[in-house]
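Here come two complexes built around subunit A, the first alongside subunit B, the second alongside subunit C.
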Partner chain A sequence: MNLILIPIVLPIAAALALLLICEKTKYIKELLAAGAAIVSLLAAANIFLQPPADLTLRWFGSAAFTLHADNLSAFLLLAVSLFSAAISVYSFSNPAKGPAKWFFFNLLMTQGFAAGAALADNMVAMLFFWEGLLVFLYTFIALSQNNHAARRTAMKAFLINGVTDLCLLVGITITAYIAGTASMSEIARNKLTLEYGWAVFAYVLLMIGAVSKAGAFPFHTWIPDAATDSSATFMAYVPAAIDKLLGIYFLARASVYLFALNQTMSLVLMTLGAVTILVAVMMAFVQKDYKRLLSYHAVSQTGYMILGIGTLNPIGIAGGLFHMINHATYKSCLFMTSGAVERQAGTTDLSKLGGLFRAMPVTGLCFVIAAAAISGIAPLNGFFSKELVYKGALDTGYTVFFIAAEIGSFLTLASFLKLGHSVYFGDRPENLKETKEAPFSMLLPMLTLAGICLAFGFGAELPLNWLIVPSLAGMSIPNPTMSGFHLDKLYFVSVIVILAAVINHLIGLAAGGGKADKASDHIHYAPVLKETYALAERRAFDIYELGMDKAVPFVSRLLFKADRFFDWAIDALPSGVAGFLGGSVNRFHNGSYPLYMALTLIGAVVYILLAGGLK
Partner chain B sequence: MDKGLLAYLLIPLLSAVIIPFAARNRPRLADILANVTLLAGLVNIAWMVLRPSVVADGFADIPGDMLFPLLLVGAIYLVALCVTFFSAWFMEEGQPNRAAYYSLILASVSAMTGVVTTTDFFTLYVFIEVLAVTSFALITTDDSRGGIEGALKYFFLTFPASALIIAGISILLIVLGDLQFETLRIFMASDVPPGPAVFAAALIMLGFLIKAGVVPFHAWTPDAYQGAYAPVSAHLAGIVTKISGVYAIVKLGTLLRFFDGRASALSEMVMFLGLLSIAVGALAALRQKDFKRMLAFSSISQVGYIVLAAGLGTPLAVIGAVFHLFNHATFKTVLFLNSASVEKSAGTTDMEKLGGLEHSMPWTSWTSVIALLSTAGVPPLSGFWSKLLIILALWEAGLRGYAGLALLFSIVTLAYFMVMQRKIFFGRKSQAAESAPEVSAPLLAPAVLMSAVIVALGLLFPYFYTYVKMVAERIIL
Partner chain C sequence: MDLSIKMLITAVAVPVFGAFLIPFAARISTAARNAFAVLLGLFTFLAAASLAGTVLGGQTAGFTLTFPRGFDLILHADLLSVFMASVSAFVSAIILIYSIDYISHYENQTEYYAMVVLFLGSMMGLVFSANLLWMYVFWEMTGFASWRLVGFFRSDKDVAKANKTILVTVFGALCMLIGIIMVYFDHGTLDLRALHGAGISYAAAAFILAGILSKSATLPFSTWLPDAGVAPSTVTSLLHAAVLVKIGVYAYARIFGVTFAAPDAFSNTVLYLAGASALVSAGAALIDTDIKRIIAYSTVSQIAFIFLGLASGNKTAFAGAILYILMHSVAKGGLFLCAGIIEQNTHTKDINKMGGLFSSMPVTGAAFALCSLSVMGIPPFGGFFSKFLVFSGAAQNGNLAVLLMFLAGAVMTLLYLVRLFYKIFLGEAAGHGNPKEGSVTMVASVMALALIGLALGALIYYPSAYADLLTNTLGVNLQ
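Then we have the complex of A and B:
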C-alpha cells in the first residue's frame, strides 16, 4: 500500500472502529483516537521528508483521481496531522467536549477528510473531501452540546459553508471546463488568466469557497456563535486550525498556482483581507467572553493571510502561508488555554475570572507566549509572519493596507492585554480560590504548541527554509529573500504599536475603574461606535441572520404559494374534474330499463347508419 | 370446428349432463365432478402447451390455428376452475340446485370452448346463444331480487344483439355464399370492393359490441354483475362476456384486416367506442359506492382497452389485445372472488360500510392489491405489459391522442382502485368489519393462484411474449 493513503484511510477506519466501542468503556476510545492521530502524524512526517509516488485511481478510463504530495500539500498534511494529534491528546480528560465517542469520531473523520483535501490533485476529488468536511462540521457542532443552541449554530455553520461550497463546486466545474482538466498540477503547467469573463467568474467562486472555509468576512459569523455554543476543543481544532489551513491552502493554490491574477483581483483580495482584519478585531476588542473574544481573533487573523496572498509578491505570499501555520499554532494553543480555564474555573466570562496565573502557572505561561505571538511581539513567530505580510503590502505600493494591518495589530494587542489582565492577573474572585492547574494531558499539547511558537520565533529561519520556501518553489515562485530578526523601520513601528496598546490599556483601566474586563469600554461606548456595536450585537450585519429573518421567510412564502398551486393543479383540479364527470356519468346510470334500452337502440341506429356509409 | 379441440367442448358437456343424475342424492359429488372435469382439462392443456420439449421447440409442434384457441381454452378452464373451486366452499348447504349450478357452469365452459374453437359464423352464433342462455340462468342462481332484475336486464338489453348478429350473418351468406371465417379473410384480402361484406360484418360486430358491454351498449353490465350470485359475477366478468363479446370482436377485427385499412370506417368506429368505454367506465367507477358495481364499471373500462386495440388491428395491437384479454381474466377474477369473500365475511359489499378489513383479512386484501395494481398497469405485473403493448401500438400507428388518453385513464384506473382499497381494506375498522374473519383457505386458494399467475406472467413476460406474438402472427397472417 502506498504510504500516501495512511493519513486518509487510517483516521477514517479508526473513526468507524470507534463507533463499535461501547460508550461506557474508559480510555479505549481516547487511546484509539490518539494512537490513530499519532501514527498518521508519523506517516505525514515521512511523506513530508520523502515524498512518495503519486497514487492514481482511474475512473471511467479517463478521469484520474490522483493523490499527489508536492511540497505545499505535504506541509499542509503535516500541519493537519500535528494539530489532530495535539487535540486528541488534549481531549483525553476534557469533559466539555460532548460524548467522547462522537467527539473522536468527528475528530478523526475531519482529520481523514482534511488530509484527503490536502493531498488531492484532482479538484473534483478535493471537492469530495471538502464537502465531507462540511458534514462533519455540522455533526461536530451539533453533537458537542446537547441543546438547541448547538444545533442552531451547527445549522448556521452548515448553511453558510454549504452555500459557499456550492460556489466552490460551480467554480471548480467552470475552471475544469475552461482548462480542459480538473487536475491542478496539469492546470498549473499552463496557468489560466483572467482575460475573459468566465475565468474571472470561476476564480471569484473558487476564492469565495476558499476564504469562507478560512472564515473571512462576511462568511465568519458562525465562528463566534460556535465559540459559545460549542466546546473549546472544537474551536481549537476546526475554526482555529483545520479550516484556516485548508482555506488558505486552497486560496494560495487558486491565486498563485491555478490562475495568474491581475492587479484588480489583487486589490480585491487585499481589500477583503484588510476589511476582515479591521471588522473582526473591532468586534474582538469589546468581547466579554474568553472563547468569543478568541473566535473573533480567529477571523481577524485570517485577514492577514488573505492580505499576504493578495499582495501576489513572493514575500507577501510567504508571509501569508507562514502566518497560516503560525496562527494555527498560537490560536489552537489559546483555545486550549480557554478550555483549561473553563474546565478548572467553570466559566469563561471575563468578569467572573481573575488572578488565575498563580493557580494555573503553566496555562498562564502558555497563554502569555501565545498571546504575545498573536500580537506580533518580537521575536515570537507572529512577529515574523506579520512582518512579511507588512513588507509584502508595502511592496505593492498601497500603504493603506499596511496601515489597516497595523491598526489591526494595535487592537489585537490591546484586546489581549485586556484578556490576559482580566483572566490571569488582577484580583482572584472569592469562588476561584480553590482552582488548580489543568491535568497533564491538557498541558502537554499546550506546551508543545507554545514551544513551537517560540521555536518558530527565535528560529524563524527554520520553518521558512524548511516549509515555506519549498512550498513556494513547488508553486514555481522565485525564492524570496527573507531574513530573520533585524532592526529596521518595521521593527520600530511594531514597538510604537506595542506602546500605543499599553497606553490604551492603561487609559481603559482608568476609565473602567480599574476593572480589567472593562478596559475596552472607553472605545465600546464611544460615540458612533456605541450604536454600531449595538447593531452588531443584534446581528444586524450578519448576512446569515438577515437572510434567515427576511429573505428566507419571503422565499418560503413564495414557494409555499407555488406549492399550493401545484397541489391544486395536480390534485384538486384533476380530482375535481374527474369527480364531476364521474358524478354526471353516475347520475345517468339510474337503473331505468327504458333509458338503457333507448340508449342501446339509439347507439345501434347511429352505428348502423355510420357503418352503412353515412358520413 | 377444430376437431383437435373437440374434447375440451364435449367433456364438460358430458359432465354437465351427468351431474344432475349422479348428484341427486349426494350434492357434494357435484362439486367434485365439476372440479375434476375442469382440473383435468386444465392439466391436459398445460401438458400440451407448457411441456418443456414444446416450449423448447418454440411451439412448432402445435398446429398454427390451434395456438390462439388453446390459449383461450386455457384461460376459460382456469377461470372456471377457480370459480367452481371457490363455489364448492362458498355455497351454503341449503343452496338449492347445486347440481344445476355446476351443470350450467360446465355448459357455459363447453359453449365458450365452442366459441373459441369454431371456424364459421353460424356455429359461432349457436354457441353465443347457448352462452347467453346459461349466463341468464346463472345470474339468477340465488333467486334474489337483484339477480332476477340483473338477469332480465341482461336478457332484454342483449337480445337485439342476437338479432343483429343473425341479420349480419344472413347478409354475409348472400354476399359471400359461405360462412367460413377463411372465406371472409380471403375476400378481404382480394381486390373486390368490400362494401356489403363489411356492412354485414359491421352488424355482427355491433352484436358483439353489445354483448361485450361496450359503451353505449353497456347498461346491462353493472346491474347484472352486481345482482348476480357472487361467484357467478366472477365467472361472467372474468371470462363469459369476454369470450361471448370481446373475443369475437378481436377475431372479427383480424378477419376484416383492420390493419390494411380496407374497413377503415368500421375500424375507426370500433376504436372510438373502445376509448369511450375506457373513459366512461373509469369515470363512473370513480364514484361507485358498491364494490361489485365498481368492479363492473372497471370491467367496462378494461374491455375498452381490448376493443380499442382490436379496432386498431396491427399485429402489436392484437398481441396487446389478446394478452390483455387473458390478463383481464386473471385480475378481474381475483377481484370478483375477493368481493365474494368480503360479502360472505362482512355481509355487505357497500364500501361506505366497510373499512379496515386488511387486519382481519390480510390475504384477501393483498391479493386485491396485486390484482388492482395489475389492472392499473403498474410494472412488473402482467397488466402493465399488455397495456404497454396497446399504448405502444397506438403510438406507432400515429394515434398519439388515443395513446395519451389510454395512458391517462389508466391513471384514473389506479385512482378508483386506490379509493376502493382504502375504503374497504385500509383505514379504520368499521362496524361491519369488526366481526369479519378471514375466509377459509380453500376460498383464498383461487385468488392466491390467480395472483401468482399475475406476478409470474409479469415477471416472465419476455418468455410469454414470444408465445403471444406467435399467436398474434398466426391469426393475422
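Then we have the complex of A and C:
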C-alpha cells in the first residue's frame, strides 16, 4: 500500500472500528483514537520529508482519483495530522465533549477527510472529501451537547457550509470544463485567466467555497454560535484549525495556482479580508464569554490570511500561509485553555472568573504565550506572519488595507488584555478558591502548541524556509526575500499599536470601575456603536438568520403560489370547463325529436362543408 | 432458445401473469399469498439482473411475437433496459418485503399485492419493449395499477386523488399516443431498433413529451404526485419515488436519448421546464407540512435534475442522469418507507405534530438522515456523484440561466430536507405519545436502502462504469 493512503485510510478505519466498541469500556476508545492520530502524524511526517509517488485510482466518469503530495499539500497534511493528534490527546480526560464514542468517531472521520482534501490533486476528489466533512461537522456540533441549541447551531453550520459547498461544486465543474481537466497540477501548467465571464464566475464560486470554509465574513455566523453551543474541543479542532487550514489552502490554490488573477479580483479579496478583520474584531472586543470571544477572533484572523493572499505578491502570500499555520496553532491552544478553565472552574463567563493564574499556572502560561502570539507581539510567531501580511499589503500601494490590518491588531491586543486580565489575573471569586490545574493529558497538547508558537517565533526562519518557501516554490512563486524584515520601520508601528492597546485597556479599566470584564464597555456603549452592537447581538446582520427568516419563506411562498397555479390549471380548470361544457350540451338533450333531427342535419352540413373544403 | 432470451421473457411474463395468481394464493392462506408476492418480486429482480451479464458482454437479447401491420411485441434487453428493470425490480422487491408488516392491518390486501406485482410486470414490459406501441400499452397498464393503488383507502378523498392521478397521466398518455402515431406515419415503423438515429418532427416530439412530463410529474403536470400521497407509504414509495415517476424519465432516455436525435431547441425547452419544475416544487416542499407531500414535492424537484442530465446533450450529463435514476430510486424509496414507519407509529402526517422522534425511533431516524444526505448529494453517498456529473454536464452545456436555476434548486433541496429532518426527529416534541420504533422487517428494509446508498458511493466505480458504457454504446447525438 502506498504510504500516501495511510493518513486518509487509517483514521477512517479507526473511526469505523470505534463504532463496534461498547460505549461502557474505558480508555479503549481514547487509546484507539489517539493511536490512529499519532500513527497518521508519523506517516504525514514521512510524507513531508520524502514525498511518495502519486497514487492514481480509477474512479467515476472521467474523474481520476489522484493523490499528490506536493510541498503545499504535504505541509497541510502535516498540520492537519498534528492538530488531530493534539486534540485526540487533549480529549482524553475532557468530559465536556458529548458521548466519547461519537466524539472520537467525528474526530477521526474529520481527520481522514481533511487529509484527503489536502492530498487530492484532482478537484473532484478534493470536493468529495471537502464536502464529506459536512456530515461530521453536523454530528460534531449536534452531539457535543444534548440540547436544542446545539442541534440548531449544527443545522446552521450545516446549511451555511452546505450552500457554499454547492457553490464550490458548480465552480469546480466550470473550472474543469474550461481547463479541460480537473487535475490541479495540470491546470497550473497553463493557468486560467479571468478574461471572460465564465472564468470569473468559476473563480468567484471557488472563492466563496474557500473563504466560507475558512470562516470569513459573511459566512462566519455559525462559529460564534458554535462557541456557546458546542464544546471547546470542537472549537479548538474544527473552526480554529481544520477549517482554516483547508479554506486558506484552497484559496491559495485557486488564487495563485489555478488562476492568474487580475487587479480587480485582488482588490475584492483584500477588501473581503479587511472587512472580515474589522467586523469580527469589533464583535470580539465586546464579548463577555471566553469561548465566544475567541471564536470571533478565529473569524477576524482569517481576514489577515485572505488579505495576505489577496495581495498576490510573494511576501503577502507567504504571510497568508504562515499566518494560517500560526493561527491554527495559537487559536487551537487558546481554545484548549478555555476548555481547561471550563473543566476546572465550571464556567467560561468572564464576569465569574478571575485570578486563575495561581491556580492553573501551566494553563495560564500557555494562554499568555498564545495570546501574545495572536496579538502579534514580537518575537512570537503571530508577529512575523502579521508583519509579512502588512508588508505585502503596503507593497500593493493600497495603504488603506494596511491601516485596517493595524486597527485589527490594536483591537485584538486590547481584547486579549481584557480576556487575560479577567480570567487569569485580578481577584479570584470566592467559589473558585479550590480550583486546581487541569490534568496532564490536557496540558501536554497545550504546552506543545505554545511551544510551537515560541519556536516559530524565535526561530521564524525555520518554518519559513521549511514550510512556506517550498510551498510557494511548488506553486512556482518566486522566493520572497524575507531576511531581516522584522527590523524595518514596521517594528515601530507594532510598538505603537501595543502601547495604544495598553492605554486603551487602562482607560477601560478606569471607566469600568476596575472590573476587567467591563474593560470594553467604554467602546461597547459608546454612541452609535451601542445601537449597532445591540442590532448585531440580535443577529440583524446575520445572513443565515436573515435568509431563513425573510428570504427563504418569501421565495418559497411565491413558488408555492406558482405550484398552486399549475395545480389549478390541471385540476380545477379542466374540471370546470368540462362541467360547463357538459352543462351546456346537456340542455340540448331534452328529448325533443325535432331538435335532434335539426342538430343532425346541421352536423351533416358542417361535415360536408369541411370535407369539401379540405379537398 | 438462448438462456438470456428465456430470462427476458421470464422477467416480463412472471410478474404480469403471476399477479393474476395472487388471488388464488390468497385462497390458501395469507402467508402463502405474501410469500408468493415477495417471491414474484425477487424472481423478477433476479431474472432482470441476470441479463446484466449478457448486455455487459456487448450483446443484446431480443424476442419477437409477430402481430400484423408491424405492431409486433418486441422484447429487447440492452444496457438501458436491463439497468432500468433491475433498479425497479430491486426496489419493488424491498417494498414487497416491507409491505408484509406495513399492510397487514388494512383491508383489500390481496388486491394490493396483485396490483403491486402487476405494476412491476407492466414496468418490466415497458422497459423491455422495443416497440413504441407496446410501450404505450404497458404504460397504460402501469397507470391502471397505480390508480388502484393510490385509491387503496376507499374514502371519497382518496378516490378523488386516485382519479386525479389517472386522469392527468392518461391525458398525457393519449397525447403521447398521438405522437407515436405521427412517428408511425413519418417512418412507417414503431420498432425502436429500426428508428435508431432517425429524426423526429417537433410536433411528434412535443406530444410525446407531454406524456413523459405527465407521468414523471414535471411542470406543468406535477401536482398529482403530492396529492397521490394519500396512498399507503409503500405505494408512494413504489410509485412516486422509485419506479412510476422514472417511467417518464426512462421514456425520455429511450426515445430522445438513445433513439431519436432530439432537436436542440426541443432539448432547451426541456431544460427550462425542468429548471422551473425543480424550483417550484422545492419551494412548495418548504411550505407544506405533510411529510409525504414534502417528500413527493422533493421527488418532483429531483426528477428535474434527471431531465437536466438527459437533455443537456453531452455524455457526462447523460451518464450522470442514469446514475441519478439509480441513486434517487434507492434514497427516495428509503425516505418514503421511513415516512411510512413514522406515519404508522405517530398516527399523523403533519410534521408540526412530530418533533423529537429521534430518541424513540433512532434507527428510522438514522436511515432517514442517511437517505436525505444521498438525496442532497453529500459525499460519500451515491447521490454526490450523480449530482456532480449532472452539474458537470450542465456546465458543459453552457447555459448559465439553467445552471443557476439548478444551483438554486440544489440549495433548496438542502433547506427542505434539513428542515424536514429537524422538524420530525429533533426540535421540540409536540404532544405525541412515545411512539415505538417500526417492526424489524420494516426498519431493516429502510436501513438496507440507506446503507445501499452509502455502498453505491463507496463502490461508485462499478455503477459509473456501467453508465459510461451505456452512454457510449447507446447514446445518440451526445457531445
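The rule is short, and it goes like this: the second predicted complex is superposed on the first by the 547 of 615 C-alpha atoms of A that agree within 3 Å, B and C clash if a C-alpha of one lies under 4 Å from a C-alpha of the other, contacts with A are read in each partner's own complex, and residues count from 1 in each chain.
Operating definition for what follows: a contact is a pair of C-beta atoms (placed from the backbone, for glycine too) under 8 Å apart; a residue touches a chain by one contact, two chains touch by 3 or more.
Everything numeric in this text was worked out from a predicted model, so none of it was measured.
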Subunit B versus subunit C as contact partner of A:513, first or second or both or neither: neither
Which of subunit B and subunit C A:589 touches, first, second, both or neither: first
Which of subunit B and subunit C A:397 touches, first, second, both or neither: neither
Subunit B versus subunit C as contact partner of A:601, first or second or both or neither: first
Which of subunit B and subunit C A:527 touches, first, second, both or neither: neither
Subunit A residues touched by each partner, larger count belonging to subunit B or subunit C: C
Residue ranges of subunit A touching subunit C (in the complex, touch as defined): 58-62, 124, 127-129, 131-132, 134-135, 142, 148, 151, 155, 158-159, 162-163, 166-167, 169-170, 173-174, 176-177, 198, 201, 552-553, 555-560, 562-563, 566-567, 569-571
Residue ranges of subunit C touching subunit A (in the complex, touch as defined): 164, 168, 219-224, 279-284, 286-288, 297, 316, 319-320, 373, 376, 378-380, 384-385, 387-389, 391-392, 394-396, 398, 400, 403, 407, 410-412, 414-415, 418, 422, 426-428, 460-461, 464-465, 468
Complex contact set, residues of subunit B against subunit A: 153, 156-157, 160, 164, 195, 198-199, 202-203, 206, 209-210, 216-217, 219-220, 222-223, 265-266, 269, 280, 283-288, 412, 415
Residue ranges of subunit A touching subunit B (in the complex, touch as defined): 575, 578-579, 581-583, 585-586, 589, 591, 593, 595-597, 599-604, 607-608, 610-613, 615
